[in-house]
Structures are given as C-alpha cells and as structure tokens.
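To start, the structure itself, in structure tokens.
Order of writing sets the labels: A, B, C and D. Residues in every chain begin at 1.
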Amino acid sequence: MSAETVTNEVAKGSNSRFDYKRAWYKLKKSKLSLVGLFIVVGVIFMAIFAPWIVPYPADATGATIAFDKMNQPPSLEHFFGTDEIGRDIFSRVVYGARISLMLGILVLAIAIGIGVPLGLIAGIWGGKIGALIMRITDIFLAIPSLVLALAVAAILEPTLINIMIAISFGWWPWFTRLVYGEVLSLKDEQFVLASEGLGASKWRIAFIEVLPNCTSTIIVKATLDMGFVILTGASLGFLGLGAQPPTPEWGTMIAEGRVYLPEMWWQATFPGFAILVTVLGFNLLGDGLRDVFDVRLDGE
Amino acid sequence: MKEFLIKRTLQMIPVLLGLSILIFGLSRIMPGDSIRLKLGPEATAEQIEAFEDSMGLNDPIVIQYVNYIKGVFTGDMGLSLQTDRNVATDIVETFPATFELMLVAMFLAILIGVPLGVISGVKKDKWQDHLTRVVSLSGIALPKFWIAIILQIIFAYWFSLLPVVGRGNIVPTEITGLRLLDSLLTLNFEAFINNLKHIILPSIALSIATMAQIMRLTRSNMLDELHKDYIVASTSYGLPKFMIVYKYMLKNAFASTLTIIGLSFGALLGNAFLVEAVFGWPGMAQYGVQAVIYKDYNAIVGVTLVIGIVFAVTNLIVDILYGFIDPRIKYDK
Amino acid sequence: MKKSWILFLSVIMAALLVAACSNDGSTETSSSTTKKDGPFVYVAQQVVGSIDPAKHTDETELISILNTYDPLVYPKIEEGVMDPGPHLATDWTVSEDGKTYTFNLRDDVTFQSGNKFTANDVVYSIQRIIGIQQGFSWLWKGVLNPENVKAISDTQVEFTLNNAYAPFVSTLTQLFIVDSELLKENSVDGSFGEFGDYGQAYLENNVAGSGPYKLTEWNRGSHLNFSKNDSYWKGWKEGQLEEVQMKIVTEQATVKTMLNSGDADMVHQWLTVEAYEEFKKASGIVVEEESSVQLQHIPINMAKAPTDDINVRKAILYAFDYDVANAQILNGATQAIGPVPINVTGHNSDLQPYKRDVEKAKEYLAKSKYSGDELTVEFMYLADTPSQRQLAQLVQNNLEEVGFKVKLNGVPWTTVTETTTKPETTPHMVVISDTLKYPHLDSHTYGIYHPSAHGSYRSSSWYEDAETTKLLESARSAVDPEEQLANYIQAQALINENAPSIYVANPNHRIAYRDYVEGYTYVGILGYDLGFYYLSIK
Amino acid sequence: MMSKVLLSIEDLKVHFTSYEGTAKIINGVNIHLNEGEVISIVGESGCGKSVTVRSILGLVPTPPAKYVGGEILFENRNILKFTKDEMQKMRGQDISMIFQDPMTALNPVFTIGEQLMDVYMWKGKKRNILSRVNKKLKQEAYSRAIEVLEKMRIPDPTAIMKRYPVELSGGMRQRIVIAMALMHTPKLLIADEPGTALDVSVQDQILIELKRLVKEEGISMIFITHNLGVARIISDRVYVMYAGEVVEEGDAKTIFEESYHPYTNGLLASIPKLDGSMGDGIDGRIPNFLNPPVGCRFYDRCTERKSVCKDTRPDLINLLNKRKVACHLYSEGRN
C-alpha cells in the first residue's frame, strides 16, 4: 500500500461523516420522530424561558407559601391547580423541566465521560486491561441499574446532586459496553488499519479515528437514555430518596401529590404528564435518530 | 451442551463475587446508626457496642467480608435488623412472591408485546404502527408507581373489580411457592381464581415497560426480517401472509428478541421495587426497599446478591433457549 | 387477518373479564354497608418489626401485642378515659411512702398455651423486659430493680420501687404478661443465666400471651392474621370480631381505595387531613374525630449553635405562624400550650401561648449573640408525611422573613431516630409527633425534658436545666398528689419559658372505618384504641 | 411457430421515489414469453431485470416503487390489477420463483421438510391462529416433498427433510430452493441467477438439472443472468436489458452469432474466453436514474455513439430476422 493510498484511506475514514440532508429527509419522513423532535425542542424551550413563561415564578424558585389557596383545582388563574402549600403547579411543572433536563444531561455527561473512554481503552488496547475493564463492567451490569442507584442513594444524603451520582454509578457501564462493541467492529476497518500502518499512537486511533465513528451510536443511546434517566430520578423520588423542597422536581412532586389521589388528581397528574411527554419525546426522537443513523442498540 | 453449561456457570462466579464485594463495600460505608433502630431509641451506648460486636461489625472489613461469604455457603446471610432473623430465611420466604409476579408479568409482556411488535413492524408507518408505538412508548415513559396507582384507582376504586393489595387470601398447599402453579397442581380452583385476581393489577403494572421494550425490539426485528430473501421467497411460493408473518418471520425475529427478554428480567426486577410497594406485594423487592430505608446492611447485600444470581441464571436459560430456536447457534463455540 | 386479530384479542379480554368478575366475595359495590366476607381488615401504615412484648416500640407493634397479650392494668376504655383500670390485676394498694405497690391478680386466667396465669408470670415478665433492655424497658430504668418484684402468693404480687414514682401504675399499661412456663421450656442458651435467652428466639415468631387473639399468620411485609382465643377469660359475645387481619399498606391512595371499596374495614390514623375529609363525604364510612392528647411540636436543638441562644429560639417561636399551621395545615387543631397536651390532667392552663409577631422575633434576633451573622438552620421532617412537609415549608418561609436560612431535610423516620441520638448530629429543628407513652403527664414532662431522656428522638431539644430537673424529680417522687401536681405545673411553666420547642398543636385524632363497625373508643393512649376485642360488627 | 403467449409485459414503467427524487428504474419494457419457452434476461446488476421479474410476482414493495404505466399480462389477465388474494393464489401455483442466493433464500430456523410441506399445504390459502391441517393433507405434502427432492436428484430425501439449511452445502441448498419453487409445478418459473453464488462446476450441474426438469414438466421459464454464456446454454430467446430498457432481443443462437447493440457486444466481450483470459468489459457505470440521459441511456459508455444518440431516444425496432434492437445505428434499416 503506497503512502498516498494510505493517507487517502485515513482521510476517508475521518471524513466518512454524515449526510445531513439525507438524515433530515429520513427524519422528516417519520412523523413520530418529528413529534419527538418537537417535544424535545419544546421542553428545552420551556426550560430556558421558564421565568418568562410562567405566571408565578416565585412559586417554583423560592420558599413561597400560600396556605389560603392550597389544593385548588385547575382554573384559569392556576392552569394545573395548586399544591399542598398553595403554589401554582403549572409554574412548578414548567420550572421542573430545568431540573429534569439538568439531571438527565449531567447523569449522561458523567456516564459518557466515564463509560466511553473506558470502552475505547478496552477495545483498542484489549489484552489484560481490556478484559479487566469489561469484567468490572459486567459486575456493574449484573444487577438492574435502579437497584444499584437505590443502594447508592441510601448511602448519600438526599440531594439532587447525590441523586445524579447515584444514577451515574450504574449508568456508565452501558456506554462502556456499547462503545466496546463498536470499537471491535471498527477495529478491522480500512481506515483504522491504515492509521495503524502509518504508526499512529493508540490514543490517536482511539480518540481521533474511532471515536468520531462511534458518535452517532452514542448520540442515539444518549437520546433514548435521557428519558430513562429522568424516569429513574423520579423513581428514587418516589421511594423517598429524591430532591428536597422547594425544588420543583417532577418525580418528587408526584411523590408528594400521590397521597392526594384520587380526589385531588391534579397534583400528581400534571407532573406525571410532564414526565410522560418528555420521556416520550426523547424516546420518539431517539427512535427516529436510530433509523436515521442506522444504529442498532441492543440491551437497552 | 454440558461443556457450555459448565463454562457459563464458571463465568458467573467472578461476576457474582465482584458484585458481592461491590455491594458489601457499599453497605459497610453506609452512614447512620441502624443498630439503634433495632435496639430502640432508648438503647445505651454499651448495648449498641455489645450488639455491634456480636454482629462482627467492629472487625476489619476484609474479615467481615470473608466471614460473610463463608456464611453464605452455609445458608447464613447474617441477621436482618428489620426482622431479627437470618436474611436467608427472609429471602426464602419473600422470593416466591416476587418470582411469581415476575413470571406472570413476563408472560403478559411477551403475550402482548410480541404480537403488537409484529403488527407494528408489518404495518410500518401505518396507523397501527403509530398507535402501537405511541402506546408502548408511553408505557415506557410513564413512571411505574404511577401506572400502579392509576390501575388501582380505575379497577379497584371506580369499578371495584379487583382487589387492591396483597397476594390473595386463599393459600393453596405449598409445593413450589408459586401460588398459581400450586393451586393448579392441587386442583384448587378457588385459590387459583383468588390469587389470579390479586396478581392481575400488579403484574400488568410491572409488565408494561417490559412489554413495550419487547414490542419495540420485535418491531425492529420484524422490519429486518421483512427484507430477508427467505421471506420474499416465502411470499413468492404463495404462502398466506399470516403464516409468513407469524411463523416464518416471527421465529427469526423472536430469536433476537429472546436475548432482550433476558435483559428485561433485570428491568423487571428493578421495577418490582416500585410496584410491590404500591400493591403491598409481600415479595423480596419490597423487603429490599425496606432494607434500604432501614439501612439493614445484611438484607441489602443479600437481596442484591440474589437479584444478581437470578439475573445471571435467567440469561443463561435464555441462551439455552436461543439454541433451541435458532439451529445456527452452537454451544461448543 | 383483521378478523382473526379481533378474535384473538376478544379471547384474551374475555379471559381477563372472567377472572375479574368471578365472585369470591370481594367484588361487591362500594355503596354496600354490609361487611364483606372474610376477616375484619384493619390497615396499618408501618411494618411490624417485632411481636415480642419486651421489644415493641411503635404503634403497629403495640397493636399486635395488646391483642395477643394482657397487661396488669388497662385504660378504662368502657368509661372513655385513659386512666388505668383493673385487668389482670383486680385491684392494688400503695404504701404510705409511695414505694410499694401490691397487686391482687385474677385467678381465672389461662394463657393460650393452657398454662395458668400466676404471680410468677408477672415477676418473670418484668424481669425479662428489664433484662433485655429494649422496647419500653426505659420506663422502669432506675426506678425498679427486677429483684424487688415478688410473688407473695399465686394471686398477689408486690413491686418495691427505689423511690416514689407517681406514674408507676400508668406505666404498667406497657407491661404485657408473658407465659413464663412456656418461655422457659422454649428458651435457648443466652446471656441471661438460668433464663437462657428469655425465650427471645421463640418470640420472634410465636406468641406466649393470654390475650383475646391468637396470631395465626405473620407475613412480615404484608399482614398479620389473628383469630379469637376461644378460652379468653373475658368471654365472647355475638358480633365481636373473630377473625382479624392487620394489613400493612404504605401507599395512602391504596389505603383510601381499600376503605372506600370495603376491602378494608378500618384504616389507621396517619392519613392526611384531606383524606378524612373525603371519607366524611363518602357513604358508608364513619370518621371519628376528636381532640387528642397528642403533641405536635418542633424541638429546637439547644446544644448546638446558633439555637443554643435563647434569644434565637424565641425569635423562631415568634416568627412561626401558629394560625396557618393549626387552621390550614392541621385543619382545626388547637394550638399547643406548653409540652403537655391541653386535655391531659395536670396541664398548666396559666401558660401564655406564643403568637406570631415578626417585629418581636426580629428584636429577639437582634438581642442574640449571633446578631448580624448569617444564620442557617437545618430542619428535619418526615418526607412522606404531607403535614410535616407543609410545616417544613411554612417554617422555611417564616424564618426567611426574619432573616434565617433554612435547609430542609426530608427523611424517613429511621433517620430521625438515628440522628437524634447525639447533640452534634441532631438537627436544629425536627418535627415530632408525640403521643402519651403512658397515661400520665409525666410522659410529656419528665419523659422529654429530664436529662435521663437524652438520646431519644423525644428529647431532640437536648433540654438541660437544673431547676427543671429538680422539679421533675420531686414531682415524680412526691407522695402527696397536690405537691406532685404543683411541681408538674411549675415545671411546665419553666420549660415553656426556656423555649425548647415550637409547640405547634394538639392535633385532632382522626380515624375512619366502615359504618357497620361498633364500639370504637379513643382514649388518648397510642394503640389502645385498637384492641379488636372491643369492636363489633352490626 | 404458433404457440400461445403465456406472459407478456407491455411497456412496463416503474418509478422509485426516494429523498433525492424519482428514479425511473424501468422505462418502458416489453417482454413476451410463449408456453413451453425459456427466455433469458441479460444485463449488469442494476439494469432492472430483477425489478422486472419480481413485478410479475408482485414482490416489489410499493412504496417506494410505483407502477406508472404498462401492464403485465399472464394468460391475458393483468397481474398489476390483481387483488392480494388473486395474487397469492397465482403465486407458487401458476408462477414461481427460484432465488439467487441459496444461503439466504431458505429460512434458517425451520427444517427443510417443514418449509417444503408448508408450501404444499398452505399455498394460496387463508390462515389464522385457529387453522388446522388434517392428517391426509400432511401425508400428501410429505410424499410430494420427497418426490420433488428426488426429482432434484437429492440423495436420501427423508434425511434431508429433517435437516436445517445451515447443515447443508451450498449446492444442496440451491437444489432445495429449486424444489421449493417446483412443489406445485408452476406454469411459469422465474429463475433469478440461480447458482451464481456457487462454484462454477456446481452451478453447471444445477443448470443442467434445471433445464432438464423444465423440459420434462413442460414449464416455461424466465432466466435472469448477467452472463450471456449461461443464457445461451439455457434459453431459447434472449432479452438484453440496459438501464431499465430492453436494448436487444432475439434467438439465443443468433444473438451469439451476431449481436447488434454496442452494449451486447460489450457483454459478449466480457465472457471469459476459453483460453482463460478475461474479456475487455465495458468502461463506465450505469447512468443516474434520477436524471437519465434524454437520448440513449448507453450514450456515455458507447464506443460508437453519434450526435443523434445524445438527444433522441432510440426505439426498439424490428429487424428482418425477427431480431429487435434499440440503437440509432440501425434506425435507418441496416441489415
């Protein structure tokens, strides 16, 4: 193989990026994916512009109390009714988008930050270090992530940050395994072999050559996982290990409102609905992206 | 086959040992004074010290771990602070309830998820597909405890159709501990109906997410199958569509779905922690939740280990089943 | 294709419907006011940890024990008062110096095992509970040495106390008599010499009592089944409950559903106020609501900065909005005045309750040694109890107005009991609901504010005041009732003045049951309203 | 020759829609087949021969495909207008197909016997979850399956029936794929390059077998191949397709003796010579179907192109010796 063709192969590998026009066409064709995209954009919009959207921002951010109007059903004044201390549930649900998105993004950032490099290392280096990493991954995957998160959350004080840590604790191995699988399949591709032939370092191969080719898989997985992380956070809240008031976290709001079911249905219904719509949005979008990127994930 | 079994079983051991180290370590760095909880608010410092000594909590952690593992092999998983009994006894008592709930939930998930996935895949981008996808994704997206409560409100509160909590009050002669099975084995139909009614709501609540996962996977596997040569060939031979879909495509699609079913058992175990709490289901998951809240060290380790074992064994069984469905799989490889 | 699908789905639906509709007695409509078949179902909120009468600590454990065992004295349920009346003891006398109590015992009582009840069982029971040192043993710690309990005859027993102890007879409502012969037979080796393990291992799963019910099944996470003890010494009448199931359900929505549908006949007292309001509107359900002898308060940690300064504490007391708490959060509760619930005999009615006064609060804060500092206090509450959540956020709001930062910490009950064992870990404030532990005001004075109580969640304020301690001790040991009362009254005034706690409320006690249930009486003592023997079905 | 026309494809036009636009994959194809005749359709991969024959069995998914013109007449009935039921009745019984790759054309998770018998028992029938098969039909199916396997000269058919595809060699599987198509002795058999994935020697054996059977059973056959040499051995007449159009048509024999269209010439040149050297082949690629050349679709690659070829599409014209060709070289009546 001449130096020139080698360079060409390398260039081809790194440049075999994505045809955005084609992607958009494929995404557009599936109406459900568009609905997902619309929801996700809407939730992000809500999160960013919450202070300008909601009628009672103080109800979501400060220690407001208004016991004279507690447990009111939905009305024009309070679209989603009021909660047990008289706060506007609509305002809190909209602000809750901030919390949930932050939870999802940070957990995934931690999980990707730990899981992806480990997967790359295990795949590219292989050998004993690779085997060790994958065995440790197996251990973490040997029990459901909710159970692991529960065990960790039990140790920590119930705060939002600790919840994130607890969930991340059981989340990174999924990314390790995912990336490891990708690396194994990419390892024998021309451009990787070519880089090796050119004497590129393993670090370079891992992070410059292979990683960009895993991004679509990681993006799809992360999009789908956003929903599941938000759900897991809510589940921990349900079991009494959630964020502290007055934080308007959806899961905790359901946990607090659930004692008022079924008569004061609005208290748990609207945060539940917000979770449903958000998770659904990320799932639809993730599904759509999976078709677009033609990615297969197993074991989610 | 035999070699495969032995090999896989041997592979399980390091994972389970690692898991036990992980969870054991976590449980011992747990803060809080759970001994006080057991001895009551008025216990003195000496009482607590003496009790800790008797439980070996003041030994070095490595010694504690070694003793624990030794104990596990003799059926001693340490004393539960909640129940004052051997954790193994508690788990043996509570596990069948959880296992039965999971089996029924898995049965429902497959029974409903697979056909829906097939329809969704075959009718890709038609309304059937959109409807099943939205419904199933909603199933994934809804918090499990929420579904559980909503089901209770609809079926028990509004329509008084089904009981709300518990595991049935007519207990058949115990053979396996799985009451539906036991009542059938002893031909005790009264007990069967009674226990079936109690298990319907919790198992539905538990199965919805898994059902949706199975549906999604079946759908995408069916989509893959749709373009396989042998399926186009079957069409060209004039076979009925129903047969092509439910026999020729489904068996192939199901083979890949099967691996997910093994993994779904994990999700099912996790969600059981939420569902059992709502339905007062006297299972191991509820025991586990209590253990977390009460910071019951030994119970947490015990329950987690059992979950790890169940999970590993399920996946082994799934791998074996896979071989029965797909003749291309050879165990000796 | 389509048709076959419809067929397939119909088959499944039909199967489900058949299962759903086939009647085994629990599917009648909710409007019915006749009892469903099956046992009487009482729903409790907390898992029963122990059924050993030397180890019980909370309400559900107490309920399961008082239905299977008998104490010497029993609150006078029939008269509707909490004062102890005869039960296994027919009558008793006290010596002049208030130290020696002599009880005459019934001679017609047999245990569920068939063994006859004698004075020796009383001796064994008190020795056992003091020896094991768990549960309610603290009631007699330092007051009674086990060797000073003597069986004078089969039907007479004598307790000689170390010093006069006014509430002694009341405390005996927590002494349940165990079957000493049965336990001796079933003891294994243990740390109690000739008594082995005092039968602890046996009592983990068995009952050794003489009570009206036998325990037939105990599934720890879910339920306890009781059925009547045919040979109960008080006898049985038509309509009394013969089969009882105590179900443990933690989800409030589930509890409501069960009572509404008749799957439960009676549910516990810890639901939200709103839930009882809903029950009142529902047909076929009775809600019993009455002022209670419970104290809902927020102890302030006096052993930790900045709340070690009385001015800071008074600032908190004046900042708190009592009206909102009582009228809106606790829905019609009475503001508590001092530590002793208003309805308890001996309550000091001269005390001045604290009222919200933001200006005064700010003045006190300015007077304190921490004036000008940024003050942050930690507030602990039970995360799953709505009223406590509401109180927490009320406090947060009230105190921020005065200039405090409040860090809320919602926790499970176990964390409260853990953290309050040491002054350093005890939060600045914690919500505590405290019912009388025995029918005597001593429970809420000595039991909370005497230094010997330190380390319990009840004394989370770590109150230590020499003068109060002296008063409480002399009140306990006073033989003259008037002197005794005067001491308790004075102690209350002193405690109130030292501001160890936000005395929020004496909330109303509420409980709900189906309208065919008769005989329910609440007398104020935790658990004693749920002696199932006293209930009956119309 | 006055034999009856079994199948005729008249001016078939198929478009495919994708995100880039509409591709005119089949652009007015005319093919006819007489009873008892064997024809070949020859062309490079991507020339539209597979789409054309799969259209006959309704195997082209719509969308993305769209039938915009023409008809496919089988025994004078237009297949394109068939309902699903009519189509299913026709498949297997009247027209059947042999798939190209024996490795993928058999369902891997069922035994050979089960697959063969299902074709016999269920062909053209409705089925739902409650359908049952009676014993008699099952026995019939079994003996028919054995019979067909024997016809394909498969050794020990009873044992083969119990085997899974994965346990058999490629040649064996190809024979079974053919057996599947012959379960009902169809009137028309479509063979989509059978055996191309196999060794040349195995392929030859199978072709001989196939030709023999078709003759014996009196089955008409359309044979798809990219190899003119194979077409010559097996067929009576040959259609050469290029980029969705038929460019030349004629007797197998005569086409080999003298081909007219430059594309056919190129194809002939690509056949490996007896001395083992490779032919010249044709440079370039099939044109873009989204924006096909206005004139001759072969224009870009043609070695004999003229200016008229760029803008004017050549029609398929009849030559004197019953041959047809679509090329401007012959538009003035050469020959």
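Everything below uses one rule, namely that a residue touches a chain if its C-beta (ideal position, glycine included) is under 8 Å from a C-beta of that chain, and two chains touch if they have at least 3 such contacts.
The UniProt protein names, listed by chain, are A = D-ala-D-ala transporter subunit; B = Peptide ABC transporter; C = Solute-binding protein family 5 domain-containing protein.
Treat the numbers as computed from the prediction; the structure is a model and nothing was measured.
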Centre-most chain, if every chain is reduced to its averaged C-alpha atoms: B
Chain separated most widely from chain C, comparing mean CA positions: D
B-C compared against A-C, more contacting pairs: B-C
Inter-centroid spacing, chain C versus chain B (mean Cα positions, whole Å): 37
Cα-centroid distance, chain C relative to chain D, in whole angstrom: 87
Chain A and chain C: spacing of chain centres that average the CA atoms, whole Å: 45
For chain B paired with chain D, centre-to-centre distance based on mean C-alpha positions, whole Å: 52
Residues within chain B bordering two or more other chains: 149, 153, 157, 241-242, 277, 293, 295
For chain D, residues contacting two or more additional chains: 128-129
Junction residues of chain C, two or more chains touched: 1, 4, 8, 251, 253, 256-257, 412
Of all residues in chain A, those that touch chain C in their complex: 63-65, 67-68, 70-71, 84-85, 157-158, 240, 244-246, 255-256, 258-264
Chain B-touching residues of chain D, taken from the complex the two chains share: 57, 59, 84, 88-93, 96-97, 99-101, 104-110, 118-119, 122-129, 164, 166-167, 177, 180-181, 183-184
Residues of chain B touching chain C in the complex: 32-34, 36-44, 47, 82-85, 90, 93-94, 111, 115, 119, 149, 152-153, 155-157, 160-167, 169-170, 190, 193-194, 196-197, 200, 241-242, 277-283, 286-287, 290, 293-295
Interface residues, chain B side, partner chain A - complex: 14-16, 18-19, 22-23, 26-27, 29-31, 125, 130, 133-134, 137-138, 140-146, 149, 153, 157, 213, 216, 220, 259-260, 263, 266-267, 269-271, 273-274, 277, 288-289, 292-293, 295, 300, 304, 307-308, 311-312
Sites on chain B touched by chain D in the complex: 228-243, 246-248, 251-252, 255, 325-328
